[in-house]
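Paired with subunit B in one complex and with subunit C in the other, subunit A is shared by the two complexes that follow.
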Partner chain A sequence: MAIEIESWVKVAAFVGAGLSMGLGAIGAAIGEGFAAAKANAAISRNPGISGDIFKLMLVGQAVAETAAIFSLVIGIILLFSNYSTASIISMAALLGAGLCMGFGAIGSGVGSGYPAGEACKGVARQPEMRGRLTTNMLIGSAVSQTPAIFSMVVAFMLMFLNFSGAPLHPTSAALLGAGLATGLASIGSGLGSGLAAGASCEGSARQPLNVGNITVIMLVGQAVSQTPSIFGLLISFVLMFKTYPSSELLGASMALLSAGLCTGFGGIGPGVGNGMTAQSAVTWVARNVRQESVLMRSMLVGQAVSQSTAIYAMVISLALIFLI
Partner chain B sequence: MAIEGIDLIKAASYLGAGLAMGLGAIGPGLGEGMVGAKACEAIGKNPGEAGLLTRTMLVGQAVSESTGIYSLVIALLLLFVV
Partner chain C sequence: METLKQTRNRYCSAAMTAAIVIGLGLIIVDMRPMGKGLILGTLFSVFNFILMAQALPLRMAHTKGKTLFYSLFSIFFRFSLMAVPLIIALKVENFALIGVLIGLVAIQIMILADHVLSLFISTRTGQV
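The block that comes next holds the complex of A and B.
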């Protein structure tokens, strides 16, 4: 049975929409569940301010939900758009967009749940810190949403840029790779940044006097744990905007798809690892603020070593794109 | 597009290189992050030994890094030698 290309483009868009929403729902649900569990623990500890804790839980969950809403938006656009150009390239781009947003929302959804939960616990411990804790929670969750926003940007570019002039064969693999690079790399960074933000909410509630130092080290640690997703974004842009000579060889297509997978998978571990290091450094700056500079130095040295594997992955991806 | 034997081998080696380095980077990244986390904790508890603890952290991370370097070597072999 012969199926014309217009139907295949629809197939790719519908599969992409399903993957975007299905994968994208994983993270936010886990993160919100964590926030609700911690909020329950907090209310049982300090039932007198249950209204405040309940409000804070809802605000925190709303931020964690954002990642899933991005997935919903991308999914709906994929379902209801009309595609004028029908080719293998548009199939790859639409499937890539769905995968990118789906994977990209997982880390941010889980990550934003940690600060929400820890802030609820913190308000139960120190009710007079509620304003500062809310601010801290919002800053921390906003940073851990960034990887989901990167994924959404890449997904929109894949859906709406016009690639019709490009040669069919390496370009379609490159676009699928571009989606996977940012999507997969965002998992680690979102989760890692959330760990650091959670520790800062807990630390600010334990040691309200050190809240300034805690926020500073949280932001530095989160910035480092964002880098793997920025590497993913970089590789996605290179894959989308490089012009390829037309090639019917399977090798040329596979090299570009593999470049996306390499930076994407390679970013997961370092993103989470950097976040763990930042989490511990933030916790101990809260408890022992006099050692802030020593802790900052150790955190950055530890993160630099953990980052190296993401850099190896990026180097291999660049070799696959430019040397092969 | 017609696929010939040598092209299939090249394609497989490129995919293998990407997967080797990509998946191989997950473990060391996580492991080294755990080492860094525990080192920060230990320095927070006992700042007097910061030098010794940093040295231990770096040696531990170097060992954990070795699997990442194996992945890198295999990826480079797949790309440029095989």
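The block that comes next holds the complex of A and C.
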């Protein structure tokens, strides 16, 4: 029985919606769970301020949930939109949008949970620091959400830009690759940024006098941790906006899909690695602020080396896009 | 010291007031769908936050099985609720999707803005 292309487009939209919300729920659930687990420990340590800890947990969980809300938005749009142009390109674009948002929300969801959990623990240790801990938690969580925002932007572009004039092959593969590049690369960046933010909350509670220095090194560390997701965004843009000559060769399509996969997977490790470096630097600045400049330098050198693998992945992706 | 209820009320009223002021401004400058979408999205964001805050202590006062049930039901219900304005925006032309999207994260924006502003003020007055 032949199925019309309109039906296949609907199928792609439904699968994309499922992937967006299903994958997107993973990160937020883990992050919120982590925050609640740490809140339990904090209440047990200092039951007298359980109200404050509950409040912080609520605010932290509300922020950690943002990535899941983005996934819900993309999922609902995929489910309920009417698609005027029905083609295989639309199918690839819709599937790519779902994958992009689903994968992209995982890291941010988990990452936002770290500062929320550590802030709860920190309030139990230093109740008078609750205001500043909440601010650090929120700034750290907001930066952790950035990769999910990148993924949402790419997902929107895939859903709403008109690719109907482009040749079927290899554009379909390029659009699927575009979704995978940002989505996968965002996992590491979101998680890594969260590690740095968590350490800043822990450090601020341990050494309240060093909170300014801790915030600065956290933000620098998080900024570098975001780089792999920016590489992913860059490759997605190139894949979406490059003009391709029509080609029936399977190799051409696979090269573009692989370009997306390469930067996507290649960004996960460096994002997490950069976050671990930042986490350690933030922790030790809190304990020994006099060594701040040395710790900052060593963090940046370590992150640059960790970053190199993401750069190699991006170079290979660019070679796959422009040379193959 | 602020209670959980006070925190909830503070952010909800701030988000709703801001959405109504900005929404009315957008309606006046002839961006009606955007303004209406923003107010609609914020309304559901406020509902979500209220339910989240209400469910927290409720979940604590029961057995393990009931707590698990309440937690799962709360998540399912809250996300289903947030899908409503998005479906409305997709089906009814009077509500702009982008406005609804911004409105849905209005509480989170308000929480962040409140603390960044406090940090800025305390930095200016030399309290940090």
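Worth a mention:
As a working rule, the second predicted complex is superposed on the first by the 324 of 324 C-alpha atoms of A that agree within 3 Å, B and C clash if a C-alpha of one lies under 4 Å from a C-alpha of the other, contacts with A are read in each partner's own complex, and residues count from 1 in each chain.
The working rule: a contact is a pair of C-beta atoms (placed from the backbone, for glycine too) under 8 Å apart; a residue touches a chain by one contact, two chains touch by 3 or more.
Since the model is a prediction, treat every value here as computed from it, not as a measurement.
Contacts of A:Thr283 after superposition on the shared chain: subunit B is touched, whereas subunit C is not. Of the two partner chains, subunit B is the only one touched by A:Ala313; subunit C is not. In the superposition on chain A, contact of A:Gly273 is made with subunit B only, not with subunit C. When both complexes are overlaid on chain A, the residue A:Tyr83 reaches neither subunit B nor subunit C. Between subunit B and subunit C, it is B that contacts the larger number of residues in subunit A. Once the two complexes are overlaid on the shared chain, A:Phe237 sits clear of subunit B and of subunit C alike. Residue contacts after overlaying the shared chain place A:Arg132 against subunit C, while subunit B stays out of touching range. Touch criterion not met for A:Trp8: it reaches neither subunit B nor subunit C.
Chain contact summary for the complex, subunit C toward subunit A: residues 1-4, 7-8, 49, 52-53, 56-57, 79, 82-83, 86-87, 90-91, 97, 101, 104-105, 107-108, 111-112, 115-116, 118-119, 128. Subunit A meets subunit C in the complex at residues 51-52, 54-55, 57-59, 61-63, 66, 68-69, 72-73, 76-77, 80-81, 131-132, 134-135, 138-139, 142, 211-212. Remark: subunit A residues 169, 188, 192, 228, 248-251, 253-255, 257-277, 279-281, 283-285, 287-288, 290-291, 294-295, 298-299, 301-303, 305-310, 312-313, 315-317, 319-320, 323-324 touch subunit B in the complex. On the subunit B side of its complex with subunit A, the touching residues are 1-3, 7-8, 10-12, 14-15, 17-19, 21-41, 43-45, 47, 50, 53-54, 57-58, 61-62, 65, 68-69, 71-72, 75-76, 79.
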